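So that you can tell them apart, the chains are marked A, B, C and D in the order they are listed, and the count of residues begins at 1 in each.
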């Protein structure tokens, strides 16, 4: 199959597809059930929120722990700064997401479906709310809408559960993971909106969609969201966005928890969640950021590290203090020039921070930094002082 | 003769219990304040706090048992359990019973902290700030010789030590280095419905 | 990474502090037992008490006071002639003063 | 079945009091900010008493002795841990 799948039909910029049009175009959604889990395992669908967890395995775990009281959380927090694809999907194909959500609810025998939507995403919120109103009484009764604070960690699966339960979108201690013990203590399936939209199509056709939504950002002529076939070379995806607007230095693949790749190596990489993982890369949340050659990578990395440090929920000491120390050291190098002591400290502190938070926020930030220091090793080693950070 | 011995033991054990209890309170506060040095690790404060707390219970038991079995006062075992049930110095003895029961609750919840949970344990532990002053007042009001110089001096030392520790804690504030950042982040992501 | 030596140093410090904890606890226990005796004794001596059973205490107080009485008596013997006049004269002086 | 126990820290509860590292330096050291770094793997028998003491003495109940988990199928194969963003 070939793109577009999720975005087939009317132009996404025309706003939400109404329920009648949705059913006319795709037909009614089939029934969920154990067979769907097998289908999801067979089609190797992976989560599109960032972690890329195999969807079929997660559904099987939740169904096994459900006892008819599971909860499905539809994660549309989209707290990743450059990502736009979840919002585009919510504002254009709300019923595809809802189909996926109700299929999940039927399959894991859930008593509730929570739509967890970033509170700043007004159009998405309106679109999803209106879409729910078009559904059957039974489905409407199942749904509850919760809004997520616009913070990076608010999209963490345990933070979604904590918000629904206690009204506070901070991550909680894991284990137990939400799929075992989530909302109200019940097994909880937290699934990204794009993932559920794929499920809605897979359940209808019995085959993998073979596509993925990406957000191309940075130094490209027309940044935006695109649906590409799995396996599309990264360079082709960037061409969909009009190509680089100026000579590119590197690509950040997978958002702020992603990896830096020199542009020369980047263009040929296949956009394929599973293949990338085998190369210890990750598509993450599907953000492809292009860094122009004129911009200083060290300054860019320092800025992102400061952002990630400020987004620590300050619950775990190593994350809060560690990320701040790392961001400060990066900023010192960016502003005052390379100091071998700072480089050593970056190495040591990275080691001390990794794996020592309740959620994966510190790990994501440290992996991002690690990849930056590998890709931009020379820049970090010979950074001049007083280079102004370009905005 | 043995009755006299009981009477003096009651008073001696009572005075010792007060000193121990005050030391326990001070150590507890020092523990919260994370006081340490190279030769005085933090677990030493905590360990001493716990050991002396258990020791306090032993001497309180001695204090109470010798008081109850003393035939002169005819206190009876009920007095040790039910506050203000004694005909003899009803009010002052009642305070002692209350202070003892609060302390018992604090120690017992500490011994099974894993079961009661950190939050409940902390709540109960705050009762120390009730138990200790009640015990001091009990001591001042009950001792026949409450205002004799030696007991007064002892009590004054205990009160000054504990008040100094409390003052230190008040000034030092929260020693959790994450406290401020954590609460401000939580406030930013708190979406509880106003009730 | 921490060197093995640093760990060994911390192990030694831990063992030392553990010993100190035990010594302090034992010391506190011994002091507390002695304290019961001491405070009991002090309380016995400082007040006569209202109890009948505090006879021993009263007796001992009496014996001390009786010994002091005997000394005062002995000293009084020497000046036994003067007190009558002395007291009367001082009595006049006092009454005169007031 | 051997009863192998591991030390685990609840990172949210932990507020860096540091008693555990003082009591069991053989297996716990503190990072640059005073939070414990645990040596992975089961606690050897001769350190079990001290490990239990470190657990009992934690002022915020943040450290625990847990049965060493038989790794779940997903993790053993290196599958990513669940995380949604």
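Keep in mind that, in the parts below, a residue touches a chain if its C-beta (ideal position, glycine included) is under 8 Å from a C-beta of that chain, and two chains touch if they have at least 3 such contacts.
Remember, it's a predicted structure, so these values are computed and weren't measured experimentally.
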item	value
Pair of chains joined by more contacts [C-beta pairs], B-C or A-B	B-C
Innermost chain, where centres are averages of C-alpha coordinates	D
Centroid spacing, where centroids are CA-atom means, of chain C and chain D in whole angstrom	53
Euclidean distance of C-alpha centroids - chain B vs chain C, Å	27
Approximate Å spacing (C-alpha centroids) for the pair chain A, chain C	77
Shared interface positions of chain D, touching two or more other chains	13, 15-16, 22-23, 33-34
Residue numbers of chain A (touch at least two other chains)	315, 317, 321
Junction residues of chain B - those touching two or more other chains	41, 43, 47, 177-178
Chain-chain contacts as defined at top	A-B, A-D, B-C, B-D, C-D
Residue ranges of chain B in contact with chain C within the complex	1, 3-4, 7-9, 11-13, 15-16, 19-20, 23, 38-41, 43-44, 47-48, 51-52, 55, 59, 62, 72, 143-145, 148-151, 154
Of chain D, residues touching chain A in the complex	10-16, 31-35, 37, 74, 79-85
Partner chain B, residues of chain C touching it in the complex	13-14, 16-17, 20-21, 24-25, 28-29, 32, 35-44, 46-47, 49-51, 53-54, 56-57
In the complex with chain B, residue positions of chain A that touch it	119, 146-147, 149, 151, 154, 163, 166-170, 312-315, 317, 320-321
Interface residues, chain D side, partner chain B - complex	13, 15-19, 22-23, 33-34, 57, 59-61
